[in-house]
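Sharing a structure, written as structure tokens. Questions coming.
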């Protein structure tokens, strides 16, 4: 694709030779002639200076120099995404419309004729799978589950009984939606299982990452809202409610019945106790341990999680303790000297 | 089911109309007319006041008001579990007795005729599967593995060579029991693999959560006791010994050869170093990092984990450092003033 | 095998009866007559004193007493590994050369005739699998993936499109290589997916643990070097570069575009932010939260991670705050007394 055409299709303005042929996409340091690259983070300005790419996408307000043609865009991330769709060549799993003969599909299911079910899947009685959805391979869909339109279930994804997936939901490899909630009560020193007879509902346009788990509710529903992005190895326990457009990075864990607002960000390995509320637009830092409700639009970090300014201050105080030790020791010495002197004065006075 | 009958079956005493027909179960805020609900945690008393449920299960000592019929029970959690079994309607995976024709079962296995093996499972040579056990779909059972009676292997569960599961064990989706232990030694800067030729034994009535891993021993056995409840995404390394009735929440990680007592609780994301001993009845807080042995019946938190009272005190001290800074600064000022004054006195005296 | 022969084969020197027949391997406390055991860690010297093993492997410089025959070796870990290979009896999955008829293999693939593909696997168009490689069962190999020689894919391992595995790579159960990278941009409050059209390359002799995930690059490659050992439930995000001979324990998480050097050790549950560099030979402690670059050969711990000496000092300071509180309080009292006395002196003087 010519540079000029590409620039037009990603709402960008180019400087350089518009007839330049763009043949690939690569990072600044890996790019070769013909490649388009990106400066998404000004941290990589030095890599831009040294790149062998033929063109680079930068933010409109980027003021630096470039060794190659430039396309200026309002949002480099968006431009990168559009470009990858336009000239990316990653092959996709080929799955024909209908069900692969190796799959085991219960006759009493409601599967739209446009659905594509790859090899070695299982779809149980009463399941509904709507138009355009793709099960790549080795997926399991339990009884009476309802899967919306244009969903993608990557290999080995699991959807248990009565789970509801909205349209365009993506379950990545090994993701399990509707596994049993973790709940037991003690009787004579032994744990007894509390049945979890509720289900899980995942809203449209949400994604659940590789080997992540969303457990079914005790009763009622565990709810993941619309447009929620869940990375790999994340745990969402029974009866959680996750608001729309919330995102959580890998290895986050949310305990049972916790309520997360809309547009919340949970950074990697953050852990949240159960029965909490996290307000809309809150941000929870990486590895933070949330033990109390988080007000809306609040950035919390640390263990136990607290407003970041406070956490940063207490960390700074901790780091300064060596200095404070010296000051206290000095105070003790000076005070001792004063006391000694006064005592001496008194001895003189006596 | 009538309220009076339900109350009798869960050992409860009801107040209200015993002929009331209970048609469902729901949380206090989601319940509608006909539903039974629960007050398991007094935190939700306000939700009880506003519920539209027709009846609610409360603890015998609950003294508050209720807008609907009430069943008083000694243990609400137990009553909730029994009720869910009585009137829950979640459909179960339908698996016929015998092996689904799509499964690959080695002829030299010892599988009880009552066992149900769903589609797309693999059972290798020499495996033993005892009466009443269910493999839902896509499970793998390795050579000479022994699976007890009435076990449930949820979709994609994996049991490797020679692993032993006691009766009524549940492996949730994607759980892997008997994966290779992680052990290597260094030779000329490169890692060399240490073969793990031991196995894993899981006691009766234990559960291993979604996508959790219990690794096989170097030699001998990794042992998970009886009645142990393991949540999702948990890692139990080679040669660990986990005592009976211990429970661990999601994303806990236990390093190799660590010995956990009976009735221990490990909260979410807790991590334990290797070759440690955790005494009976100990409790490890969420995200705690255990680097030393934990005595029995001790509650430890923080990183490095220490008795909770000490951890709480050191946290409180940390939070008070701003105050201490002010006190030290004030001391310095006062001392300087005193010194100045004494110096002035001396000048006067001179 | 006779003790004398075994000692010769593991480059050891024995003391005791060379004709002793060694029939098994076991830990010091579990061993019975006929077993060989190991003292790999001097912490277990008491267990050695009480062992019923017939022989024990110890380090050449071990000076203690032994109740049984002894084989002295330079590296007990290596000797243990060799011995396990020599006399271990764990059965291996039996997979015949060729593809099991239940597997779904695209006709346009390049699979060496020596390759063994077990039941219920999927191999997509254009995949290449080289000589001696084994897919145990239920594995997925995506389009144009290239798997080197003598690799092992344990049950349910997943290799997505265009991923490249070097020779002798082991993917453990449920490991997913080449899942979609986690990247989104915001548009009008909603997340939009950034396509990840790059791939993953895993070097020779590396292992990826049970249910671990290595995500594909945005473009270019996520690279795991040679001889890299990755334990279970680990997350390696898109565009990371992991140097040769690096090892990471269970539940480690590495955010996108982070660059790890060679011979690095990441202990369990450590988390690393994105776009960082960790130098060769660095060591990151368990549960550490790495937020900045780590220089080579540096040992960092804590959150935020810092050089261990500094982290230990700040922890020690924190633990000593009770003492400092007392010292400050005492200073205040003494200073108040001094001030009072001076004031009294002045009153007298007046």
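Labels for the chains are A, B and C, by order of writing; each one numbers its residues from 1.
Assume contacts are C-beta pairs under 8 Å (C-beta built on N, C-alpha and C of every residue); 3 or more make two chains touch, one makes a residue touch a chain.
Source: prediction; values computed, not measured.
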item: Set of chains whose contacts include both subunit B and subunit A; value: C
item: Same-site or different-site touching of subunit B by its copy subunit C, using the half cut; value: different
item: Euclidean distance of C-alpha centroids - subunit B vs subunit C, Å; value: 24
item: Subunit C residues counted as touching two or more neighbouring chains; value: 102, 120, 138, 156, 174, 211, 233, 251, 269, 287, 303, 318, 321, 324, 328, 331, 335, 338, 342
item: Complex interface listing, subunit B residues touching subunit A; value: 25-27, 30, 41, 43, 75, 77-78, 80-81, 84-85, 88-94, 100, 102, 118-120, 136-138, 154-156, 170, 172-174, 205, 207, 209-211, 227, 229, 231-233, 245, 247, 249-251, 263, 268-269, 286-287, 302-303, 315, 318-319, 321-322, 324-325, 328, 331-332, 335, 338-339, 342
item: Subunit C - residues contacting subunit A, complex; value: 102, 104, 120, 122, 124-126, 138, 140, 142-144, 156, 158, 160-162, 174, 176, 179-180, 182-185, 187, 189-199, 211, 213, 215, 218-220, 233, 235, 237, 239, 251, 253, 255, 269, 271, 273, 275, 287, 289, 291, 303-304, 313-314, 317-318, 321, 324, 327-328, 331, 334-335, 338, 341-342
